[in-house]
Amino acid sequence: MNMSFWKKLEAVDVRLIFLVIWIAVGIPLLTPLYLPLSISPDTVKYQAAIDALPADVVVVFGMDVSPAGYGGELGPQARATATHLFRKPVKLIFLTFWETGAPLIEDVWKNKFVVDAMKDKKYGVDYVNLGWIPGTETGMASFATDVWKTLEKGDYKGTKLADLPMMAKVKTISDIYMLVCIETGTPGGPEYLRQWQARNPQMKMLVGSLGVSVPANIAYVAAGQYISILRGGRGATEYQRLLGIMTTADVMGSDAMTMSHVIVLVFLIVGNLGYFATRKAKPAKT
Amino acid sequence: MLGIYAYALFALAAYSFTYRDNVFFKLAEHTYLAVAIGYTAAVGYGYIRFTAVEPIITGKNMLWIIPLVVGFLFVFFFSKKYFWLYRFPIAMITGSGMGLAMSGTISAQFLAQITATIGLPLVVVHPKLGFQAMDTLNNWLIIIMVIGTLAYFFFSLGPETGLGKATSKAGLIGRWTMMIAFGSAFGNTVMTRMNLFIGVYKNLLRDYTSFIGLAVLILVVATLQGRREKKPE
Amino acid sequence: MSFYKRKEIPILLTTFIALVMIFSTFFKVKAAQDFASTMQTWVLVIVNFTVILGIVMITRMHKGRIEKRKPGDNSWIFSVWLIVLVVFYFLLGVYGVESSRSATPTRNPAFAWVYTNINVALDSAMYSMLAFFISSAAFRAFKARTKEAAVLLLSAAVIMLYNAPAGSVIFGPLAEQFNALSEWILNVPNMAGFRGILIGAAVGAISLGIRVMTGRERGYLGAGE
């Protein structure tokens, strides 16, 4: 291929690249390709940690998400995790330190697998939704030191904690057995580590994070601070497969993820091939 | 159905920026700002109402008047004469946040990560399988790479001293380590952004009429707007 | 300038509250812990008032655009739309809070509808636009100009293929080895690099805290004496 081909390729209208993305990602969303999927060790550990939960312990489900994060990778993680937790005989506290996360807790409860898993559970006895707690790290510290004082407002419906039977045994962070945090960013896992796990070192932590946070979160897993993490969209897909709750829409999403990555990789390779081709073809200086 | 059309309209209006700046994108960005601020203000109102105001109204705890008064001092940000009053709520928020962050950082981020590094066994021997070469090598690599990364950010020693030269050589290892780390961060960023897009795309495909109809409308309007702007007067 | 207007008093307040928080974390003294707990719950209320600043600044900025509008320029209409929508959505939320007798405005169906179909749509679309720009950057900007850049791109390529659920399939019988290599990259060099960065960031956070407490860092207090 001569140099003018590479120069023309480099000068292509960027909107054509965008159109290629729309088409490449759209094809698997219209028809599932059923591409294979392997399961990473972290997801297996995540599932095993929830499977090993003893009966009647208190688990906090931190829905610390933005609408964008929820729509992408964290929604599938949250729904799969909530399904799994509701299948266990544990007490669940849903809460969030992101004001945008509060309505999304109720959205998780509308998912058909979650509805099925929670059908024998009673609100106030087996699970509660405490809604949004402001103040980021200060809010976390306040919750850790005195849960009832922090939740003066009551739960998300305005019901006082005294009228929620399961909250009678939850006064400080020492009463929490495990935290499962689905996080978009700050406040998230590291803030929980600083304010909750620092006060209750026995508290176990699982984190579902965006792909962009995975590289840093791996350091916390290696240090034993998190038991395990769900690695972004890939982790969500693997977890759905392990739990047997993968729908056709999820398969399409997984295939679209593969196609999108392959397309970006192709762009990267072609762009670099063009760079090396044009670099070599430059005439020597006289 | 109205919800699906509204979702499609605003999502496509936002995406129309990738085609060209146009009136639909302006609508999207102004609406985004408005609903974000309105939502934050509403949830803030709800929290204040039922945490601080309700106990005052019912007479349960009159001390909540203090944070309400301190919170109102924020409005003095806009006053030249009484600006100094604005500093008090800021001081309280900063003091509490910073104190809590510092006390947690020492144990959770600083000590835990250092302990995890120096606690790695230099020779890994499995009780049944014996000496583990790969695990041993990995542990050595982790220790060297962590020290290298820390050395890269250490600027206090000049390169003319012996220790300074050693630090800068160790920093070279850190640089290569960080290149691999940032490469993996980029790879994961691609996954996040693509999944965000796939999530929106899935919702747009709930109803083809709204998706295609609105997409065509926005493209036509944006193109006509672009042609009108290019036309010489 | 009068003494009570100077920055030293809020700095002392910041330092006092920070020290109380640190002390109550490490020492189990009931009086300190009760005071710290009360201070924390008060801060949770105070922090919500900051939205007033945002609303006033935005309103002022767009009011200025409306007043300074030029003939032929219709962008002021969007400023009117913004101000009207902020006020409308906030009042709808207040109605939701009062009618449901809870702190949750989304208990009102209309408020929840706007959140689900407009807020979520716009937030998701705005953040996901980066997917397009990353793709065009991969084609045009991310070139292996140096050895370091080449290592970065190679690491990115391996992780991208690993993250794609079916990415390892292209390696056929070597798929397992490819997965093992990817896991090694994530758990060894990537983890070591980010651990170093985390430790460095922790040192930075502690030193910033000390600077704020000793009054060397005053930017958070705004301009003026």
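List of remarks:
Going in written order, the chains are labelled A, B and C, and every chain counts its residues from 1.
Rule of thumb we're sticking to: contacts are C-beta pairs under 8 Å (C-beta built on N, C-alpha and C of every residue); 3 or more make two chains touch, one makes a residue touch a chain.
Just so you know, these numbers come straight off a predicted model, no measurement behind them.
Here the two chains linked by the largest count of contacting C-beta pairs are B-C.
When you average the Cα atoms of each chain and compare centres, the chain farthest from chain C turns out to be A. Computed from the mean C-alpha positions, the centre of chain B lies at a distance of 4 Å from the centre of chain C.
With centres defined as mean CA coordinates, chain C is found 17 Å away from chain A. Centroid to centroid, with C-alpha atoms defining each point, chain A and chain B lie 14 Å apart.
Residues of chain B in contact with two or more other chains: 18, 39-40, 43-44, 46-47, 50-51, 93, 96-97, 100-101, 103-105, 109, 113, 116, 181, 184-185, 188-191, 194, 196-197, 199-200, 203. The set of chain C residues touching two or more other chains comprises 21, 25, 40-41, 43-44, 47-48, 102-104, 115-116, 119-120, 123-124, 126-128, 131-132, 134, 138, 153, 156-157, 160, 163, 186-187, 190-191, 194-195, 197-198. Touching of two or more other chains is recorded for residues 18, 21, 68, 71-72, 100, 102, 132, 134, 138, 141, 152-154, 158, 198, 211, 214-215, 219, 222-223, 231-234, 257, 260-261, 264 of chain A.
Only residues 18-19, 39-40, 43-44, 46-47, 50-51, 54-55, 93, 96-97, 100-101, 103-105, 107-109, 112-113, 115-116, 181, 184-185, 188-192, 194-203, 205 of chain B touch chain A when the two sit together in their complex.
Contact residues of chain A toward chain C in the complex are 10, 14, 17-18, 20-21, 35-38, 40-41, 66-68, 70-72, 100, 102-103, 106-107, 131-135, 138-139, 141-142, 145-146, 149-150, 152-154, 156-158, 198-199, 211, 214-216, 218-219, 222-223, 231-234, 237-238, 254-255, 257-258, 260-265, 267-272, 275. Taken together, the chain C residues at the contact with chain B in this complex read 4-7, 9-11, 13-22, 25-26, 39-56, 58, 75, 78-79, 81-83, 85-90, 92-94, 96-98, 102-105, 111, 113-132, 134, 138, 148-149, 151-160, 162-163, 184-203, 205-206, 209, 212-213, 220-222, 224.
Residues 15, 18, 21, 25-26, 29-30, 68-69, 71-73, 75, 99-100, 102, 132, 134, 136-138, 141, 152-154, 158, 190-191, 193-195, 197-198, 210-212, 214-215, 219, 222-225, 231-234, 249, 252-253, 256-257, 260-261, 264 of chain A are the ones that touch chain B when the two sit in their complex.
Interface residues of chain B facing chain C in the complex, by the touch rule stated above, are 2-4, 6-8, 10-12, 14-15, 17-18, 26-28, 30-52, 64, 66-68, 70-72, 74-75, 77-78, 83-84, 86-106, 109-110, 113-114, 116-117, 138, 141-142, 145-150, 152-153, 174-191, 193-194, 196-197, 199-200, 203.
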